[in-house]
């Protein structure tokens, strides 16, 4: 393997219902890669693999990337269960794995790994933001809603982590549920101070539309991964005024962000979501770290360079904690209709400053 | 009415019909005789386009319908009472009768008066009938399409003697009003009484044809090819 | 509590009718014509996507819906002429394999044409209102429209299948095509037309749900199994059965979700009840199907064999 | 005591009483024919006796043991076998395999997983013998589904015979067989007389009258007459309900 | 019934020899990843073989066979976590649990036939799926990463990819021979007869239920072995192993290869997975090509790939 070419493997979900997230992440990464040119000053080859949202297939593709294509760095995936499947094969091979989205607690804590980085967040944090917000607003009574799977359970746990008030009700819906009238009826009957929902993808579209149609919009709708730029084109007006928690929004006021959002919108004719942002940031992080470490030959040096996060994130403040998860700011965002008629999330206020996840103490990096 | 010339047919690799030629004139009553497995049903299936002819011709009223779609052949005036009844199991008796009916002298009432038994079973599903009742239904169903040539393949199988006699009487009546009939049946004696002509096949070939009188007069034909 | 129960009952019925609407085309093709059509879901999806496109082209949902119908009819026709007509006489498993292939082709095609992002269609002003039901809960007018569409479809299908000669010929053809042909009916043409009609029903369902549900590349597959469950619970070959099956699934699912945990809490510890409820809820539909089939191996209205 | 003793047997489909409080005894070794109009309930009776159709009420004693409630396969194993009016074979098997399967059912366990069955000569020999007996030995290696209708009827009988029953219930074995084959099957049945007990349902009166020791006439689910062929033939009720004048004379 | 015709014996020999030689080829090409894919193929081939035994010979179309993959996989995960790492123990546990699950669900499912059987087996598999999704102790739907593969006599022999591959191959060949023997045995004849005409089988004195249930249990056990291999291959276990797509894919593999022809099932699994790999290299839109191939194979062959093979010979 030549020392002067850099091989990066992207493994993202590019087909099936979750494909839009993977595509945004890929587009963000590639946008940055084009802007940079030779990443880390090296001839760069990017191999893209579709994780298909099937963990065992993803595990094989990840092995294909590290064993056959011999990539130095793997970027991916979107979904936590896929990360579980590819984490071991990639890190065992000595390659570096950078997650632009999934950030499950195990890898932030007990099973943290020198070769693994997350540029996104630790999964619980987005929910904690909303919990803290609910707490700040003084809501006494919040109704919780999430799909019945691991990420759903984590999300409600995350919310409760920073919210001390009453829980009016806690419902786990089915994965891929179509009709939410039963849940909405319960909410209407209980009249909680607010609703917190974690409903990624199509489920969020269904819920938000039906929430609005049921006339419940007077009850504040707090959420994570439920109203963002990946679902807003489908939710449109129905989501106006709904709240989300995030580490970023397209109108976050940094010069780098402005440039990124403009370039992305120009190129892809859509408003980027945080997936695109994290893909974009990841490319710049890799670039900067490689330049500092002087290539990929010395993995330890590269890891050390990555740890110092020697780049300027579009998010502004950004550094890595000892567990290789970011320390960053989190915001309350709200869905707005921009002047050009497009829908986007917009920063309302900062909730956490330089916030670190709760698992870092469990991490014994060796 | 129907003219079949040098018909050949096969199931996959194995050829069954080698040389079948027969004619049924207007108002004529013809039988197709032969032992088990000699190709009688195959001949009927090939005439109806249910099996592809390898060679030969099937002509109905002067129109060449060899290998035409089965529904076209049926619409040319042929009605089939197939071997093994083949009533529609998921249709009621009434539905079996009316689903494919075409207008003509045979109406539902007339068929039911021929087979009163069916009238008692109108709401039954096809597969909830006794064997004989299914056979009646199959005959009734064919009559309801008001064919000009009725083809009966073992149509009296499993019918009680009394009913069988009624069928013979009915066929004789049909013939009287100018209907053509092609029949395969094992009751050769009864058939010689009402049929005009007989065609005997053996191993896919026509080996003898003649009138009822000729058949009665040549016991060796019966002995050799039919063994009755 | 009682009013909530009644409301949930209504929600269950409404969800059931929605399910029937989605399953209607499959009832025709799979239930009546006895063709295992896994591609039903993707045709439904194409219907939804076409409704989005036509609506944005014409600016009117009504027009979009009207255009979707002939378009999906044509799609059905194309599929029938190119693939399906050669599979009627084949074993069910061959049909499974071929339609599985079509699902892959069409799903990928939709992603190429429309992208992976979820889309949506604005429902017409006229139908977007809602009226108060109890408390702050309002009932959307459009839900009533869906209920009406589902009921009309059910009634229409039932009449066609059970009370017309077309229905009889279809049922006859499903069990013995060549006999139907030998009795003088052009069964191929009939199957072609009805198949296309079934595709149109699927497209209609897709277009109808587009304003309430997300339109994305996974939507077809999501409902496919449910549609089969509904038909099988009801008993294959029976429109009445499919309707009953749909209502039952809708009710059990909705009531189970909302009152199951309450019932469980009556018999066990709250924590355990919560846990059990979470395990059982997603299984409900399947438990329902397994129980029904264990007791009535041919579904609720199916012919016993 | 009779080999088969039926008391008060009933079966109704809705309001339709197909078997209506039926009593019947079949003596060991006799050939007992059951005739009657179409839809009288003959096949249903066989289905009830064989356990295919559950009965509503009644008792069926066979060879001293009560059969009611026993599943089909248990009755076959007890020695009561049947043929079907509407041909029921294993279409994908060869004719020989069809019969060999039946032989296998009564010889040794079928929970054997390892040794190839095709090589079990004992099974095949008996099977071939049965095929020869009914006259389709030359079709032994043809797929049963591809046999002609009449040949399938012959196979049907061979399969039933191969289960080596004490009592054989035959539902229109001659239907669909023509001339020569019918004669042959009649001979087979004649040769079985004395060997096993036979219950024969047939609409072929020539065969019935030449074979039967006793005949029962079943009409609307009830036996209206039982007796010797001559008695039955001359019974005016039977003529009216079933035979018709002509056939009755023909059979004479 | 299966007849081990000379051509079939040859085809089997060629196929298995090719499999046996694969690591050499991979070595020559310096492409160790080949072995990784091939191991996965072998695992699926075992599952497809198991399914064909009941589907092709017993006429029981199980749309829930992925459940047994899942059972096998979780046997590895759960035992490993408990400190039991022996392959034999994993296999034994998988087979026992699969047998119990098959016995219970099979006994209920066999009350139905045809499409109803398809759907009720699906129902049971989905229950299994959702059970594991709710099993937070084992990661719910996130699954569990295996830290090490199963051991043999306490030795981590399977950590070597080639060793794992040959283990899977040996299992496949063994199970294939077993399946061939079963289909040709007395039991196999009754099973096939039951598929052909259950009423007729009862009328000659067989109780179809007992034979079908036995076959169903055997098949479930075989499929659970595939699950054990798959877990080792992926070093990861999650409920997605048993989701209904997986069951559907197994049916597709068997039908694609040609049903009632055990070799066809193996070939079907192999070719389907290879096509997926290969087409994905050609284009991002590979599902279109793959779907097209499936449709064409159905339209032009009555018996899957085996049919095509036979036709090209004659």
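Letters A, B, C, D and E name the chains as they come in the text, with residue numbers starting at 1 for each one.
As a working rule, contacts are C-beta pairs under 8 Å (C-beta built on N, C-alpha and C of every residue); 3 or more make two chains touch, one makes a residue touch a chain.
Since we're looking at a predicted model, the values are computed, not measured.
Colleague: Return the chains shared as contacts by chain B and chain E, ordered by label.
Modeller: Joint contacts, listed by label: C, D.
Colleague: Count the touching C-beta pairs: is A-C or A-E ahead?
Modeller: Answer by contact count: A-C.
Colleague: Taking each chain's centre as the mean of its C-alpha atoms, which one ends up farthest from the centre of chain E?
Modeller: Farthest chain from chain E, going by C-alpha centroids: B.
Colleague: Using each chain's Cα centroid, which is most distant from the centroid of chain C?
Modeller: Most distant chain from chain C: D.
Colleague: Compute the distance, rounded to whole Å, between the mean C-alpha positions of chain A and chain B.
Modeller: Taking the average C-alpha coordinate of chain A and of chain B, the gap between them is 74 Å.
Colleague: Can you compute the centre-to-centre distance for chain D and chain E, using the mean CA position of each chain? Integer Å is fine.
Modeller: Computed value for the inter-centroid distance: 44 Å.
Colleague: Identify all positions of chain E at which a residue touches two or more other chains, and write them in rising order.
Modeller: In chain E, residues 133-134, 287 touch at least two other chains, as defined above.
Colleague: Would you please write down the residue numbers of chain C that are in contact with two or more other chains?
Modeller: Chain C, residues with two or more chain partners: 108, 278, 282.
Colleague: Pull out all the chain pairs that touch, please.
Modeller: Listed in label order, the chain pairs in contact are A-C, A-E, B-C, B-D, C-E, D-E.
Colleague: Which of the residues in chain D come into contact with chain E in the complex?
Modeller: 50, 52, 71-74, 76-77, 81-82, 84, 88-93, 97, 100-102, 104-106, 108-118, 120, 159-160, 162-163
Colleague: For the complex, give me every residue of chain A touching chain C.
Modeller: Residue list for chain A touching chain C: 14-17, 19-20, 23, 148, 170-176, 178-179, 181-186, 188-189, 191, 201-203, 205-206, 209-210, 213-216, 218-219, 230-231, 233-236, 270.
Colleague: Which chain E residues qualify as touching chain D in the complex?
Modeller: It is residues 1, 3, 181-182, 184-190, 192-193, 196-197, 199-207, 211, 214 of chain E that touch chain D.
Colleague: Help me check something: in the complex, which residues belonging to chain E touch chain C?
Modeller: 55, 61, 108, 111-116, 119-120, 122-124, 126-127, 130-131, 133-134, 244, 248, 251-252, 255-256, 259, 285, 287-288, 290-295, 297-299, 302, 304
Colleague: Under the stated contact criterion, what part of chain E meets chain A in this complex?
Modeller: Checking each residue of chain E against chain A gives 31-33, 36-37, 40, 133-134, 136, 139-147, 230, 234-236, 238, 240-241, 245, 280, 284, 287.
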